[in-house]
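Both complexes below contain chain A, partnered by chain B and then by chain C.
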Partner chain A sequence: MKKVKKYFKIFKINFSNELMYVINYVSTFLFFGVVLIVFSQLWRAIYSENPVIEGFTYEKMIWYFMYAETVMLSRFPFVREIADEIKSGDIAYRLNKPYSYILYYYSKFISSSILKLFLNTLVGITILTIAFKGYPMPLIGLILGFTSAIIGLSIHFVFHFFIALSAMWFEDNTAFLFVYSKILLTIGGLFIPIEMFPETVKIIANALPFKHIIYTPATIYINGAENFLKLFSAQIFTLLILSVVVAFAFEKSKKRFNVNGG
Partner chain B sequence: MIKLIIKYFKFNLSAHMEYRVNFLIQSIGMIINDFFLLFFWWVLFKQIGTIREYGLNEILLLYSVITVSFGLSMIFFGNQMKLSSIIYNGELDSYLFLPKPVLFHILISRIDIAAIGDFAFGICVFFLSGYGGIKNFILLILFGMLGAILFASFNVIVHSLSFYIGNSNSLSSLLSDTLMTFSTYPHTVYTGISKILLLTVLPAMYFSFIPVQIIKEFSIIKLIQLLAANIIFVSIAFFSFYYGLKKYESGNLITKKM
Partner chain C sequence: MKVLKAKNVNKYFKTKVKKSGLKESFKSLFNPQYIDVKAVNDINLEVEKGEIMAFMGPNGAGKSTTIKMMTGILFPTSGEIEVLGLIPWKKRKELSYKIGSVFGQKSQMWFHLPPEDTFDLMADIYEIDRYDYKKRVKELVDRFDIGNLLTIPVRKLSLGQRIRCEIAVSLLHKPEIIFLDEPTIGLDVVVKNQIRELIKDLNKKEQLTVFLTSHDVGDVEKLCNRVIIIDHGKILLESTVSKLKREYLKNKILSLKLEEEYIPKLKGVEILKHKGTGIKLDLNTEECSMKDLLDNIVKNTAIVDMHVSETPMEEIIQNIYTGSGKNEKGEKIL
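Then we have the complex of A and B:
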C-alpha cells in the first residue's frame, strides 16, 4: 500500500500543478474546435451522396471523431523530458531515488492526461451538442468510454516510453514521434473508423495494438455497453503485455547508461 | 540577399551533417510521416470514389503543392515558428546589430532539417499524381516558392503578436496550425464562414487551392490573384513586424548563436 501511495502523491502533485495552468488549455480547445469544423464539413460533403457508410451515419461519424480527437488531444507529452535526461545524464539522479523510474513518469503522465481528457470531453460534447441541438449518444458510453480512454492513454504511454528510450541510440527521436503519431491518425482509427478500411488493412489494423489507444475508447463511447467487456478486456490484456515488455526493455537498456561523475 | 540565404543554408546544413545518421532519420522519417497522411485519403476514396471534384490524384497534387511550399519555407526561413518566443524572450538584440534587415536575418538563420523530407515527399507525390510533366513541374516549383513566402509571411504576422500582447506562442502556433489544417482538405467541402475565412485572413486558398487549380487548368487571372495575395501578405508581415519592433524591449539577454 505504501508503495502505491507514493505514486498517488506524484499523481496529486502533478494534477494540482496542471490545474494552475488551465489557461494553457484554451489554445487546445480552440484547435479542437477548428478540427471539428473542418471534419464536419468534410464528412457532410461525403455523406451528401451516401447516407450510411459501413453502419456509420453522418451524426454517428462526427461523434466518433469528436471522442477519438478528444483522446488524441489529451496525451501529455513527456518524451523530450526523458530524452533530455538521458542525453544530459540527469537520469542518474532519478534512478537513485526510491521509486520506479517508469511509474514516476506514468503517474505524471496519467494525472495530466486525465485532466485534459475530462476538459476536452466537456468541450467536445458542448460544441457538438450545440451544433446538433441535442446529445444523441448513450449516456453509459460517457462513463465506459472515459474508463476505456484512460487505458488507451496508458497504452500510449508505453509506446511513448519506448520512443523516449530510443534517445540512448539516437541523437534526435522526433521523427519516431511523428511517424508514431501518424500511425494513430491512420491505422489507429482517428481519422476514420477501422470498419471503413479495405479488408486487408482492416485485418492488419485489428491485429495491431494501436487500435486500443483511440479506436476502442471512441467505439465504446458511441456504442455504450455493447461489446464493452470484449473490447475492454482486450485493451487490458494489451496493456499488461506491453507493460511487461517495456519494463524488460528498460532494464536491458539501463546497461547502456554511461554517466561520468563530477 | 540571395547570397546570404545560400551561405546560411550551406552553413546550417553542414552543422546538421555532423550528425549524419540523425539527418537521414529526420528526413526519411518525415517522408514516411507524410505518406501515412495519404493513407486516410486512399481509404476514403476506396469507399466513396470522389469528393466534389477531388479524387486521389487531386489530393496527391494538393499534398504536393503544400509540402513543397512548406518544405521550402521551413528550409530557407526556418526560424519563422520561433519568432514569437524570440521576441518574447528578448532575444532580438543580437539581430539588431547585424548589417542586413532584421526580419530577414532572423528568418534565414535557422534551417528545419526535417523539412527537406517534406520537400522530397512533395516532389515524389507530384509525379505520382497524374499531373506530372515539365510544364506543371515548373509551375509546382514557382508555386512552391510563392507558397513558401506566403506561409512565412503569415507566420511573421501571427508571431509578431508577441510585440503587442506578450507571449503569443500558443496563439500563434494555433493560427499557423489552423492554416495548415484547412489547407490539407479539398476546398470544395468548405461552405459559409469557413469559405470566407480561407479567402481572407487564413490564406489557404492562395497557399494550396488556387495553385492546384492553376496546375490543373492554367488561368492568368488566378495567377494574378496569387501574386496579389503574396504582395498583400508580405506587406502586412513587414508592417506588423517593424511596427511591433518599435515596441520591443530588450531583455538584456546574452545569447550565443552556434
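Then we have the complex of A and C:
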C-alpha cells in the first residue's frame, strides 16, 4: 500500500503545483474556442449536401471533434524535461530516490493531464452547448469518455517516454516528436474519425495503437455505453503491452547513462 | 566499522572525437572515432562510520562520477564498491532508504510550493510512519531553524534558506550516510558557517557519516576529519586534515616593521616584498627556524611590529592540484 501511496502523493503534489498557475490555461481555452468555431464552420460546409456521412450526423461530428481536441490539448508535455535530464546527467539526482523513475513521471503527467482534461471538457461543452442550443449532451458518454481519455493519455505517456528515452542515443529527438504528433493528427483520428478514412488507411489506422489515444475516447464519448467494453478493453490491453515494453527498454538503457562531470 | 569501501574502481566513458573542419565532419559521419575517457581511474578508498570525509578536486576530476557510482546510479567499468554492505548498482533502491544526498546546485524541492509539501512528499516516498514523520520534522525544523520558512513557496526563499531546507529534507528518513555535493556553493560567509555547524552537529548527535565534495577549502578545514584529493580520476592524496596542515604548513608569512632598513639573507627565507623599513618574508621552517630568523634580525635592528600568518589552505590544495605538493622528504608526490 505504501508503494502505491507515494505515487498518489506525487500526483497530489503536482496537482497542487498546477493549481498555482491554472490561469496559464486561459490561452489554451482561447485556442480551443477558435479551433472549435473554425472546424464547426468547416464541417457545416461539408455536411451541407449530406446530412449523414459514415454514420456521423453534423452534430455528432462536432461533439466528436470537440472531445478529440479536448484529449489532444490535455497532454502534459514532459519529453523535453526528461531529454534534458538525460543529456545533462541530472537524471542521476532523480534516480537516487526510492521510487520508479517512470512512475514518478507518470504520476506527474497524469495529474496535470487530468486537470487539463477536466477544464478543457468543461470549456468545450460550454462552447458547444451555447452554439448548439438544445442538442442533448451525451451524459453517459461524458463519464465513460473521461475514463477512456485517462487511458488514452496514459498510452500517449508511454509513447512520449519512448521518445524521451531516445535522447540516450540521439542528441536531438525533436524529429520523432514531430512525426508522432503528425500521426496523432492524421491516422490518430483527431480531425476525422477513422470510419471516414479510405479503406486502406482505415485498415492501417485500426491496426495501429495510436487510435487508442484520441479516437477511442472521442468515440466512447459520443456513443456512450455502445461498444464501450470492447473499445475500453482493447485500450487497456494496448496500455499493458506498451508499458511492459517501455519498462524493459528503460531498464536496458540505464547502462547507457553517460553522466560525465564533477 | 567501515560503511563505504571502494576497491580498484574504474569508470570509462566512450566519447566521440573529431578533428576540426568540414571535411572531418563528413568523415566522422561515416567513420566515427571514439576514445575512452577515464573518468575514474583505479580508486581505492574506505570511510568509517561517523566520519566526515572531504572529496576534493577541480572540475572534471571525477568527484561526481564517483558519488554517482556510490549511490548506484552509474555502473563502474570495473572494481568493487560496497556501501553499508550493499553493492550500490545492484541494490540501488534498497540503498536509497539508507543514504541521503544534497546537490548544492540542484533542488529536490518543488519550486512553486512551500517546503512543507516536499517534506510531506518525502515522508511517503521514504515510507515513513506518520507518527515518526511528525516527530522527525519537528526535530529537524528546530535544529535547522526553518519553522518560519515551511509555508513560503521555495522560489521565494533565499539560497541559504533553501539549502537549509534541502539538507533538512534529505535527513528526514534518518540516513546513515549523507552525500553532500557542494553544499555551500554560492552562500555568503555567515550562512556557510551556519551550514557547517549544522552538519557538524548532526554528525555528532546522529553518528551520521558525511561524504562531502567541495571546492571550498573552508568546508574541509572546518568540517572534515579526512580529505581525499582527486584529479583526472586518480587519487592524488589521502590524508587527515590535521596531517595535511602539518605537512604542508611549513611555510610562514612574516610581515615586519623594523626600526632601520634591513634584509635578512638566510637559507629558507624568501623576500616577498620590501619597501623602506617594511618587509614581507616567506619563511620555510624546515630550512630556517623562526628563532634563527628573529635572532638574525634583532642582532641588526629592532622589530617595531610583526605579523605572522600561515599559507592559506586554499594555496596548499591548489599546489596539490597543480602538482607542486611535496612529501615530508621534500620529494614531489604528484
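Quick notes on this structure:
Keep this in mind: the second predicted complex is superposed on the first by the 259 of 262 C-alpha atoms of A that agree within 3 Å, B and C clash if a C-alpha of one lies under 4 Å from a C-alpha of the other, contacts with A are read in each partner's own complex, and residues count from 1 in each chain.
Following the convention adopted for this analysis, a contact is a pair of C-beta atoms (placed from the backbone, for glycine too) under 8 Å apart; a residue touches a chain by one contact, two chains touch by 3 or more.
If you're wondering where the values come from, they're calculated on a predicted model, not measured in any experiment.
Look at A:50: by the touch rule set out above, it reaches chain B but stays clear of chain C. Once chain A of one complex is fitted onto chain A of the other, the partner contacts of A:253 are absent, as it touches neither chain B nor chain C.
Of the two partner chains placed by the overlay, neither chain B nor chain C lies in contact with A:243. The partner of chain A that touches more of its residues, comparing chain B with chain C, is B.
When the two complexes are overlaid on their common chain A, residue A:5 makes contact with chain C while staying clear of chain B.
Shared-chain residue A:92: touches chain C; no touch with chain B. Residues 2-3, 5-6, 9-10, 13, 16-17, 20-21, 90, 92-93, 95-99, 255, 257-262 of chain A are the ones touching chain C in the complex. On the chain B side of its complex with chain A, the touching residues are 19, 21-22, 25-26, 28-30, 32-33, 36-37, 39-40, 43-44, 46-48, 51-52, 114, 170-171, 173-174, 177-178, 181-182, 185-186, 188-191, 194. Across the interface of their complex, chain A is touched by residues 13-14, 37, 39, 59-68, 71-75, 92-93, 96-97, 99, 101, 103, 106, 108, 110, 112-113, 117-118, 120-121, 124-127, 181, 213 of chain C. Considering their complex, residues 24, 26-27, 30-31, 34-35, 37-38, 41-42, 44-46, 49-50, 53-54, 170-172, 174-176, 178-179, 182-183, 185-187, 191-192, 196-198, 201 of chain A touch chain B.
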